[in-house]
Amino acid sequence: MSDIGIGIIGTGFMGQSHALAYRAAGGIFPLTRKPVLEMVADNNEAAGAAAFRQYGFKRVTNNWRDLVNDPHIHIVSITTPNTLHKEMALAAIAAGKHVHCEKPIAPNAADAKEMLEAAEKAGVKTQVGFNYIKNPVLKLAREMIISGELGDIIGFRGIHAEDYMTDPDGVWSWRLDPKGGGGVIADLGSHIIGMARFLLGPITELFADLETVVPSRPIAPGSSERRAVEVDDIARLTVRFARGCRGSIEANWCATGRKMQLGFEVAGTKGSLSFTQERFNELRYYKVGGDPRHQGFTTIEAGPAHAPYGRFCVAPGHQIGFNDLKAIEVAEFLAAIENGEGANPDFREAWEIQKIVDMAIKASVTRNWVSIS
Amino acid sequence: MSDIGIGIIGTGFMGQSHALAYRAAGGIFPLTRKPVLEMVADNNEAAGAAAFRQYGFKRVTNNWRDLVNDPHIHIVSITTPNTLHKEMALAAIAAGKHVHCEKPIAPNAADAKEMLEAAEKAGVKTQVGFNYIKNPVLKLAREMIISGELGDIIGFRGIHAEDYMTDPDGVWSWRLDPKGGGGVIADLGSHIIGMARFLLGPITELFADLETVVPSRPIAPGSSERRAVEVDDIARLTVRFARGCRGSIEANWCATGRKMQLGFEVAGTKGSLSFTQERFNELRYYKVGGDPRHQGFTTIEAGPAHAPYGRFCVAPGHQIGFNDLKAIEVAEFLAAIENGEGANPDFREAWEIQKIVDMAIKASVTRNWVSIS
Amino acid sequence: MSDIGIGIIGTGFMGQSHALAYRAAGGIFPLTRKPVLEMVADNNEAAGAAAFRQYGFKRVTNNWRDLVNDPHIHIVSITTPNTLHKEMALAAIAAGKHVHCEKPIAPNAADAKEMLEAAEKAGVKTQVGFNYIKNPVLKLAREMIISGELGDIIGFRGIHAEDYMTDPDGVWSWRLDPKGGGGVIADLGSHIIGMARFLLGPITELFADLETVVPSRPIAPGSSERRAVEVDDIARLTVRFARGCRGSIEANWCATGRKMQLGFEVAGTKGSLSFTQERFNELRYYKVGGDPRHQGFTTIEAGPAHAPYGRFCVAPGHQIGFNDLKAIEVAEFLAAIENGEGANPDFREAWEIQKIVDMAIKASVTRNWVSIS
Amino acid sequence: MSDIGIGIIGTGFMGQSHALAYRAAGGIFPLTRKPVLEMVADNNEAAGAAAFRQYGFKRVTNNWRDLVNDPHIHIVSITTPNTLHKEMALAAIAAGKHVHCEKPIAPNAADAKEMLEAAEKAGVKTQVGFNYIKNPVLKLAREMIISGELGDIIGFRGIHAEDYMTDPDGVWSWRLDPKGGGGVIADLGSHIIGMARFLLGPITELFADLETVVPSRPIAPGSSERRAVEVDDIARLTVRFARGCRGSIEANWCATGRKMQLGFEVAGTKGSLSFTQERFNELRYYKVGGDPRHQGFTTIEAGPAHAPYGRFCVAPGHQIGFNDLKAIEVAEFLAAIENGEGANPDFREAWEIQKIVDMAIKASVTRNWVSIS
């Protein structure tokens, strides 16, 4: 088994997640090339050094350009704040590297398009970190929709709600910069939009109401100086899918008490599905017909019948965790590189998602329906 | 204890519910006047006769006008299809009767206004059958919102979804007549709109997307002749409340597998609540603060701490049923009549709800935000 | 419809429950004779008077013997503390009345036997208030077991746990008198033992460990004088059924936080069921076989497919309440009287249950397996 | 960071689990020595070769004695069928290795004692794979019990039920050999017994009923030749703890539909806890007192407030998986070796658990209470 060199830029929440996933994937999946943690980059030298030691990288740098241009690195993993993604990705692409980038890849669709065109032109593979859809039971959900087991799809209701911005005295951060994080529609909305597309395909039209709940936030903990918040805290979308059905989507980071309410309900003429990431090893399935005395939602528990769960554990009911979702993402990216196939979701898919994010902002401002081109 | 005579028009689902509630209320609540099932009216004589026998009415008629004008009747209960409500209610009001009417009371707000003005002018009391908000744990929810226990309200998400219209070969009925049932926004939407108002007060502005999922339906079981459906099967609303917060509302009678998904989630700066009628003896409550190791949603079980649960049972956890909600509605109406106070929800509240229903239809057609006057 | 006169002795929790049930049953069920609340008896005159007014009895007495011997009374309902049941029941039987008695009917099996023999000899019908098994979804559970849908039954786990005796400073009451309430094995244990028998038939052998958690209790609120507790607070049984399978049963009134944890899990070779009274309009069903991707427990919601739910409501998902279970019990008793059939559970069944209670106490004392004769 | 060499014997379910855990631990935890997968042993050469490749071991052998005696190996991990544990562990101890052994470590307490004495005499550290108790929310549960947050403990109910032996035509295996797996009391019972001890301390006395549900099984798939089963399929225990409270324990591998029903409910005078491994990132907590309107069980979601969850993910609600529990086990073992402290659970604890298993078998045969010495 030959090696494939990994370079990770950024050492925060997602930096850890990528590092652990690349470490783990080779043990879990039958990879043809072994991922090697070649280098980590962080402009904060202490953070870089800590990650270097913790995750077992071979080298560390405070200059991400060194990493991008390093000849032993084949995959560049970008886990920095969103504003930095574009420059880093373009540099990595220019250096001929495959790029694994956290979401959203860019602050707007135009930038995302530029990135995807650069990648496609360069012939490198890209992967974007919409990790939740790597869930085995969501693969089952998608399969049931595509195969027709649910019949004609009637409607969709999706949500991604957490509560980390609920406190009005929570500190201003890059997530609240319109050119940075881009608000909840970009941060969490992109996940549930991506999940909606994963399950049901393209969205063609939408209406949206974006709201800033907390108008200003302290510039530092305890500071009396406050900075205006220019992005949305809650986004409510009404959407129409190319396949004909309609739905609603909510993104919300002021959802008091919710830590990971990423979920959906999708109804079809032959059945329906209900899911929440809060119990992500379960999928609830209602099948139309059969004995009327026995009708109801069945709580399916993830198990070896739901690939690739069996790679983690041969027995049902044992459950995979969040980091395992990331390991699946990594393994699929490595397989795509190996097989010359497209990864999913790639920069093109991220661009499609970003278009919807952009159009949601537009629809909210114009107070009108907007089409997705 | 003197008597108060009850006349019920209609003997279907709601006719039964009213009859059982008026029978039961006197045993459960400390009423000052005893409700007597004086007369039942149904133009279907067999149905009328069956109800007469089953519920123990004193008399039966196939002419509702006899009932409305009967001197022994003090309360007229109207449980017929929606199109008939107005004429019957106006006649009852003209005869000086208090009116207990099923929802929606009218096919549009203008008619509802006419009805409410007639009632207010005549000085009779009115009550409308939005029974779900009579739930003891929803009274608790409202109390927690009003008292400030949840802090400032941040957002609302409401839904009423069932599946009785999911089957494309389900037969055309009066519910599908725009001048009759008025579509799901009127049938189920009115419940969740009423619940939103019960909890959070007036809605001032809305956007809506109403959708007809099944374009035509058989005119009779198995018939190949189909009649066009001119009303909505799914309605998705984005709303703004007078108090400042915003929310979303879905009404859906094509929600495969859902039998009674009437629920909401409301978040505030100090706490949040989550509820579904599917488990309506429970209310989930998240309280901000306290020991971080113990944070989470608490599942409150209905008990004597939540009036008027204790009227039904002295022990917690025993649970009340749907018919008990209706008994609470009846008892509150009787108390309002006795005390000369306004019942709730009355025709005025029903008019407020109907305005939102009308504006949702308008917003969907115009594809624009609409203000509620 | 002729009348059938009801006399109720006792006006506490169960007195209310019986009164409401006899009031309600005639409206819900197609009875051939109309139950009339003829008389209520309580030696506490104020309590008797209050019940007389509240439930609409025709007459009230402070002497239960007057009630028992009243010629207009056909059914005597006994809802007093357990020690009083025998004397009252024997008197009612002697007067030729049908007897509806709360559980446990007697402090021991010998007394229960005397009562049942008197009733059978007199040819009167008896009914005992094990109301929880009147639940439509438990009728479904039993039906599935009997029909073989679950295959051969493998095992059973039953529990009835509440927390009303958890507080060590809770006051001593008649429930704590060995000749009175008889401890948790009699008070709650009889429910889950009865449910086990309802589902799986006779228990032939058992082992038990009965425990007094709180050794003494104040004789009055706040009193420093304490009286020794001579009965069990928690009972743990290991049982064997005549049909061949085995199981465990717990009765517990010191189960902190539990208000109505009456439930079971029963496994068979073709399926299994899981139930808790905390959500008693639901039954969880696992069916062996089928598509392995879809396996799991289905949450069946009570609906018209589960008789007699449809008598209460024509639509699924609306839910019945605790008092409705009691109305079903009453209706079945009235039907049994009318049809000359045996009611269920009757005094004979109550005797069977009491034998198990007695044997559990014996097994705990002797620390040995005990056979049920 | 120096290395610490790991040798793993066995490549089945647990062999994979150990390999993945030793791979992962160094990335997640701040270890002082880096675990290196030095060698894997399997007498099935193909299986050994596959594991060698998959998990990235340096070497592979079909002779476990080579592994045990290899000078680069400091920890020997034993994941073979139970009958083989003793010989392998003693050889590893004799070679001065620390031993990480799957549970049960031996077919009886006498053998376990011999193993623990050998380990203690040799001064090597031992760790046994009762991985479920490594759960962050169970550490919280234990902490709440020890700190007195639950008050005096009243009672315990524990269960470990799965369904992998439900099918009567499931093939005979080493698990069904009394000298091998030892039946469900050893296989699953040891987990819930260990969990009971982890939470509440020593068990001093027990009663048990062990049952063989399927008397014989095919010797091979589809074979008509059947071999008698001499071990228990379901074990029901009544237990008493040294601290004074009592409880029940069930172990069951014929629990149709259950994939991982490992759970408990523990009640105290100030609160109670409810847990099931089916949703092992949650702990349900009831706290006595406070506003009576708000009482109920709180569903605590695992998060950074529950160490070591934060090592896996900085955000709450993301969830850890089964393999992460094993990584915690490994990290704690490595820390114990490094710090010269005892690991937990070690061979001594495994011996304590095995004594209870042995006494359960004895109690079932003798049909009497048995004391645990």
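We call the chains A, B, C and D, going by the order they appear; numbering starts again at 1 in every chain.
As a working rule, a residue touches a chain if its C-beta (ideal position, glycine included) is under 8 Å from a C-beta of that chain, and two chains touch if they have at least 3 such contacts.
Because the structure is a prediction, the values reported are computed rather than measured.
**Student:** Minimal path length between chain B and chain C through chains that touch?
**Tutor:** Minimum step count, chain B to chain C: 1.
**Student:** Using C-alpha centroids, which chain lies at the maximum separation from chain A?
**Tutor:** Checked the centroid distances; the maximum from chain A is C.
**Student:** For the interface formed by A-B, which of the candidate pairs C-D, B-C or A-D is equivalent, sharing more than half of the contact pairs by residue number?
**Tutor:** C-D
**Student:** Can you check how far apart chain A and chain D are, centre to centre, with Cα atoms defining each centre and the answer in Å?
**Tutor:** 35
**Student:** For chain C and chain D, let me know how many angstrom lie between their CA-based centres, rounded off.
**Tutor:** Those two chain centres are 41 Å apart.
**Student:** Report, in whole Å, the distance between the mean C-alpha point of chain B and the mean C-alpha point of chain D.
**Tutor:** Those two chain centres are 53 Å apart.
**Student:** Can you list every residue of chain B that touches 2 or more other chains, as numbers and ranges?
**Tutor:** Each of 258, 295-297, 301, 303 in chain B touches at least two other chains.
**Student:** For chain C, which residues are in contact with chain D within the complex?
**Tutor:** Spelled out, the residues of chain C in touch with chain D are 154-155, 157, 159, 163, 166-168, 207, 209, 211, 213, 234, 236, 238, 246-248, 250, 252, 254-258, 265, 267-272, 286, 288, 295-297, 367-369.
**Student:** With touch defined as at the start, can you tell me which chain A residues reach chain D in the complex?
**Tutor:** 1, 13, 16-17, 19-20, 23-24, 26-28, 30, 34, 53-56, 162, 164, 258-260, 277-280, 301, 303, 312-324
**Student:** In the complex of these two chains, what residues of chain B are touching chain D?
**Tutor:** Chain B reaches chain D through residues 140, 282, 285, 287, 292-301, 303, 305-306.
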